[in-house]
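Going by the order they are written in, the chains are A, B, C and D; count residues from 1 in each one.
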Amino acid sequence: MINKTVKKDSLNRLKKIEGQVRGIMKMVEDEQYCINIINQITAAEKALSGVARIVMKRHVESCVSDAIVKGQGQMKIDELINSVFKIANRK
Amino acid sequence: MINKTVKKDSLNRLKKIEGQVRGIMKMVEDEQYCINIINQITAAEKALSGVARIVMKRHVESCVSDAIVKGQGQMKIDELINSVFKIANRK
Amino acid sequence: MINKTVKKDSLNRLKKIEGQVRGIMKMVEDEQYCINIINQITAAEKALSGVARIVMKRHVESCVSDAIVKGQGQMKIDELINSVFKIANRK
Amino acid sequence: MINKTVKKDSLNRLKKIEGQVRGIMKMVEDEQYCINIINQITAAEKALSGVARIVMKRHVESCVSDAIVKGQGQMKIDELINSVFKIANRK
């Protein structure tokens, strides 16, 4: 489960991402240059990927580790790997 | 340049993505299950990729096409391909 | 560490990918339609991602799990998460 | 259509990728460390993405540009954008 540090860090990052999305809306409203808009979208995607990263790290350190120690890791591992390749392939 | 249709469609999508990001913040605040948070992040990334897609399509139909017709397409093509592989590799 | 099942499955998949790469070379030599070549490249990338998936699953089931049970999981977890986001971002 | 330069460059790169895939097979046969195998797979994926890049650049410079100049660009543009986001999302 998410702890205090990851919670704070994630919320700060997501707050910033919310601002980035609003910034992109402003760019679209102002009819700015398409490539600049696309680059900002890519930046927001990368920032979201950063949040996924810290949440996943914490998940492996807590839930997955706890399950493994109890000898009940398989389901958590399957779920983790599914999630990893969902991110990797943006399916 | 972005036209009326793409502008409206992009803004609708971005409005929804803003809501998705706020939803993820709520999930983090409520300390929901990590994998569920990560799946929502992946969904938001995919939605952003959808906006990049319609903006890029419009860009090729307008700016890139105009430059090509004028015999001045090379710089626009280089810029487009750079942008495509920035998205592909999330660099 | 890789076990017999993952070894056999990976080698079968890699053998097929080797054939896919040779097929792409043939397409290039025959100057086939660019989009068809690109689609075959994307298919080969996806097949490689499938190998990464089964190797990573096995890695978490063996090395990472063993380290966690011994109370020495942190380094393995950090390494795993780095590898996951290298794949995700193709950095 | 692919020209001489892109053909030569692509074939050189694909030859090297074929070697990378064989190298990964050797790593699997030798039961090397999983993370090292995964990193080599990511490297091969990145190299494939480099081939897609030069083929796509040439495609836009030739087929797509020709169609646009003839006022028949729409189908080529749709096809291009589909291909771009197939790569981006590895669907």
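Methods note: contacts are C-beta pairs under 8 Å (C-beta built on N, C-alpha and C of every residue); 3 or more make two chains touch, one makes a residue touch a chain.
Note that the structure is predicted; figures quoted are calculated from it, not measured.
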Work out the mean Cα position per chain and let me know which chain is farthest from chain B. C
Counting residue numbers used by both copies over all numbers at the interface, does the chain A-chain B contact come out same (over half shared) or different (under half)? same
Can you give the rotation angle that fits chain C onto its twin chain D by Cα atoms, in degrees and rounded to the nearest 5? 180
So how far apart, in whole Å, are chain A and chain B when each is placed at the average of its C-alpha atoms? 16
Cα-centroid distance, chain B relative to chain C, in whole angstrom: 27
Taking each chain's centre as the mean of its CA atoms, how far is chain B from chain D in angstrom? 22
Chain D, residues touching no fewer than two other chains: 46, 49, 52, 56, 80, 87-90
Give the list of chain A residues in touch with chain B in this complex. 1-2, 7, 10-11, 14-15, 17-18, 21-22, 24-25, 28-29, 31, 33-35, 37-39, 41-42, 44-46, 48-49, 51-52, 55-56, 58-59, 62-63, 79-80, 83, 86-87, 90
Inside the complex, what are the residues of chain B that reach chain D? 46, 49, 52-53, 56-57, 60-61, 64-65, 68-69, 73-74, 77-78, 80-81, 84-85, 87-89
